[in-house]
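Two complexes are shown next, each including subunit A; its partner changes from subunit B in the first to subunit C in the second.
After this line comes the complex of A and B, so read on.
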């Protein structure tokens, strides 16, 4: 426990260094950076509705990050959460569009299930290529992100196009109001309940089932697991399916919840943030929940920064990237070292 | 036919330079996912340098310095701070994409693109269909050959490869793998700068925000597809350029029969095909996985 706290503490220290570096760069580029830290804290926790915005982003981040965590634990570097998230949203959007007038009690679960399936399918092919041919999943899942972003653009401006829209932005028809599980604030009882249930379930899957335990072992020492008679390819495929399914679930919840419709390139940094969360949390589900709230706050603040401090949107990308660059410093090696000692 | 070849050669050249940059880093043991950021930084820095100074040489020099510094930063984070190379590389890519966006806005106001007053020197009308090829296109085959000789026929190159393949063995003969990786990353950064400069100043004379559109990641895939070999990586990058060219031609020929998003996704699909093929040919020696947690 102490070592995990140390890991999280070190990661937060590197986040602070990254923010400091950004502040210096922004100052040099002619954007006042004095108010940056204050604006981030205000945007995340203090401003009116800041906590709601923080939770709104923390929930999809948490679900996606738990999915990433499953794959990473099993030793697969699935960095395609973004694409799997998009395909989840696309699949849910098709269902919600086709059965828009149906009884919500049936259509909502169906749309969510479609989202899970969509995300899982988009993770299945890199997983299959990985376990069957040894094709590196870093490249395939990364390329999958680009293809999914284009597919989203196609669906939002093609089959599901909003005829009343201006056409400048690729926007799909909005989901019927009866099917929405949250308003655009993004926080509702249903949504929070789903997220909590999924969190507890995944914690049980990862820590208390044969799949979770064997998967973590396979991630640390694949040879040993094979010698003990487990089928590593089956574990691998299951890891990809879980990972993609959860990202797809997050996509479906985002669509039926705060977003309400498909938009070209929506939530563009969610997938990568989820990877960071999983790594910072040391691949533990409870820690992921805590770290998600921190990153949710950062996401909420980043929408707040351009308004308060007059930053261009690119500044937010830079802040995210600087954190990405530094956040695994020491955190990841200490995880592997600990795992080696344990194995 | 010859005109098509010239067009493919021109669009392949930026990708080839960047793939070579990734190749040399991979040989030293670092799978550089920061290629995307280095490439766009090279493109932006070269255009800004040319626009501000009015000299191509200054533009190239600025690009080289910026990319070398970016590579050194990545080296520091991976080697000294022991960050995860894949994640840190993605971070560097994000810094490049966001940083160039911010730089353009800070220097030129609210613009998404910058026109350069000059282009790289071209072959000129005497070269027929190849008239539009810049000096970097002409130099590309020589760079490939030079890197092949450097890596396969010199003591330095063999030591560099040893640092990636077996750092312990390299250390035992007195080579410092960390230092070798810094050298490899900086050389890679210089190559990325050339690739970015060719992308921005070769044909277009323009820098626009996000103009690399994943080419750096494709170059990364080309390193794996090309078996970490200079010639293989260059051929793999050329293959992606061919697919892109055919896609554009197909769209022109068949018009709206296929959605433009499908055409745009062809190079990414080709990349997946490429890494799948290379894993089939070489077996399941997933090199990135092996190096991931050194």
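After this line comes the complex of A and C, so read on.
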């Protein structure tokens, strides 16, 4: 436990270094760096509704990051969370659209289940190719992201197109108000409750089940668990299904919550931020919750930087990129990629 | 003249002190042995000399010149080269490439294979290495790989050559050839430091012996000539009572013909694998309470046999029965449920997940049985594994430390602690003592004898005939995947040797 805290502490220190580096660069470029820190803190935690904005982003990031974490622990580099998130939202949108007038008590769980299934299916085929033929999952899941983004565009401007829309943005028909589990503020009791329950469940799965421990053994040495009699392909498929299912869940919650409708290219970096969060958190579920709130805060603050400090909106992207660079340099060696030869 | 000297070297890994205040100076152009039990700090010592490990205190002098500690570059520049325990040459390299890029001299940014081969032809020939410069490392037999590794170490005029347990991977005749090679190097002026743990080998090759025990230097540069094996064993272990190699021969009267069978393999055949030849019509019976030794020159189907027993190489024909039940088509999980236990060949690949915590490694056998998503209690598993590892006298600080922090012998004990339990009916031990020191070896043999006393069937695969003679109730010789002969005690070394090599004659 202490070593894990150390990992997270070290990662957060790297984040601090990244912020400091950005501040220096911004200062040299003529923007007051003190204003940057002020705006970030204000935008994330102090300004009216800042906490709500922070949580609004922290929750989908957390769910998706936990999914990424499960796959990474088992030694599979599923970087397709973004696409799985989209397919979760698409599947949920179809259900919500088809049963828009039905009783919400049934339709909402059904839509959420559809979202989980959609995300899981979008992770299943790379998982199958990986365990059956050894196809590199980095390539397949990455490519899956592009297909999913195009599928989202198609659905939002095709089957579920909002006829009343202007047509400038691919926008689908809005989800019936009765099916929404949060307003556009993005935070509600139902949503928080679902996220907390899922977080606890996944913490149990990762730390307190045979699957969790065997998965982490397999992630570091797949040959060893085979010699113990484990069916490594089943562990692998389960890892992909958990991973995609959680991203799909995040997509469904996003749709039924703050978004309220499918929009072409919405939340375009969520799946990638989730990868970053899982790595910063040292692949631990509790730490992922903390780190998600931090990154949720950064996302919320990105609205404030231009307004308060006069920064260009791209400043947050630069900060994110700087953090990514420093974290990836540090976080990879702890979980090495399983080699092809071992498969 | 001193070739290499350490003064007050101390190394700690977390809570474990690997080396404590070690001071020693090795004379030039002689063969020095460094011996000790597993975990005594031999490998750490070698790595300090080679600059791979930075000690927390102490000085390093090479050829009367102070060298900064913890710098591989500095050590190599001063002429110290290390031949690793597990070979470090890239398997996909050709011999010429391995030599070229193993040197610390600047290499040209562009090269042609032919130019490399021209450049290194003389070097390879002068060292009498039986390999062609165009051969890939991965295609060479282990012995030749080691010879290439030694040649690699000598490319830039090394003055001190350190070999970390070089005999662990070699068959007896190859060990003789290695020792001859080391003597030739010594005659050409190279100082050789060789880390060993078999007393017989120490006395065969070394001129001086230095003994490490639990990280401390207990004997410094004893002359090896005229030394009695028992004295050396005493210095290494710290207690008396160990005979040569620490193994007490015992005669076990196995009533094997009447005993129930732990394993029956009838006409078993497999396909050939990259690891070795196919099994061809192997019939093998192991009784409960019997130890059967599998002898053979390495690469004659031993690995295929273990893979077939583990259901990782499917049987093309034949049947396998485990404790009375047909398991020919059963997966490994079901066979393990019937009491099959395996101590695999490759400790660090097949046996342990080095990056994972000790308790996870130990618990793996329990975790694979049963539903995957059932809840477990990590604290309970931690304390159960702590108890088990203590019972098997593993040297460890915490069950949360990764397995990679253990020395070879301790790592092997973790596997024993996992694989030898009361429910075992057949234990397959593949090279269980490879790379272990005498105390750990004796420990392993005793563990297997205890298992036999509990009526467990045991298969021991070893390339060391002395070991097999000591422990086996019966010896089966494998040649090219076939059973070439079966022998009972008292064993006739010449007859078994002739059977083992018949196919090669």
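Following the convention adopted for this analysis, the second predicted complex is superposed on the first by the 314 of 343 C-alpha atoms of A that agree within 3 Å, B and C clash if a C-alpha of one lies under 4 Å from a C-alpha of the other, contacts with A are read in each partner's own complex, and residues count from 1 in each chain.
Methods note: a contact is a pair of C-beta atoms (placed from the backbone, for glycine too) under 8 Å apart; a residue touches a chain by one contact, two chains touch by 3 or more.
Quick caveat, the model's predicted, so the values are computed rather than measured.
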| task | Give one word, clash or fit, describing how subunit B and subunit C relate on subunit A after superposing. | result | clash
| query | Does subunit B (first) or subunit C (second) touch A:320, or do both, or does neither? | reply | first
| Which superposed partner A:213 touches (first subunit B, second subunit C, both, neither) | second
| task | Please indicate which partner A:224 is in contact with in the superposed arrangement: first for subunit B, second for subunit C, both, or neither. | result | second
| task | Mind telling me which of the two, subunit B or subunit C, contacts the most residues of subunit A? | result | B
| query | Which partner does A:29 reach: the first (subunit B), the second (subunit C), both, or neither? | reply | first
| message | Per the contact definition in the header, classify A:57: touching subunit B only (first), subunit C only (second), both, or neither. | response | neither
| Is A:266 contacted by the first partner subunit B, the second partner subunit C, both or neither? | neither
| message | For A:294 in the superposed arrangement: first (subunit B), second (subunit C), both or neither? | response | neither
| task | Report for A:205: first if it touches subunit B alone, second if subunit C alone, otherwise both or neither. | result | second
| Candidates 4-12, 166-174 or 202-210 of subunit B: the single one with C-alpha clashes against subunit C | 166-174
| Overlap of subunit C and subunit B interfaces on subunit A (superposed complexes) | 336
| said: For a test of understanding, state which residues of subunit C touch subunit A in their complex under the given definition. | reply: 310, 312, 331-333, 335-336, 342, 344, 349-356, 360-361, 363-365, 367-378, 400
| note | subunit B residues touching subunit A in their complex are 31, 33, 37, 73-74, 77, 81-84, 86-88, 90-95, 97-99, 101-103, 105-106, 209, 214, 217, 220-221, 224, 259, 261-262, 264-265, 268-269, 271-272, 275-276, 279-280, 283-289, 292-293
| field | Residues on subunit A engaged by subunit C in the complex (per definition of touch) | value | 3, 204-205, 207-211, 213-214, 216-218, 220-221, 223-231, 234-235, 238, 335-336
| field | In the complex, subunit A residues that touch subunit B | value | 14, 25-26, 29-31, 77, 79, 129-130, 133-136, 138-140, 142-144, 146-147, 150-151, 153-154, 158, 272, 275-276, 279, 312, 314-318, 320-330, 332-333, 336
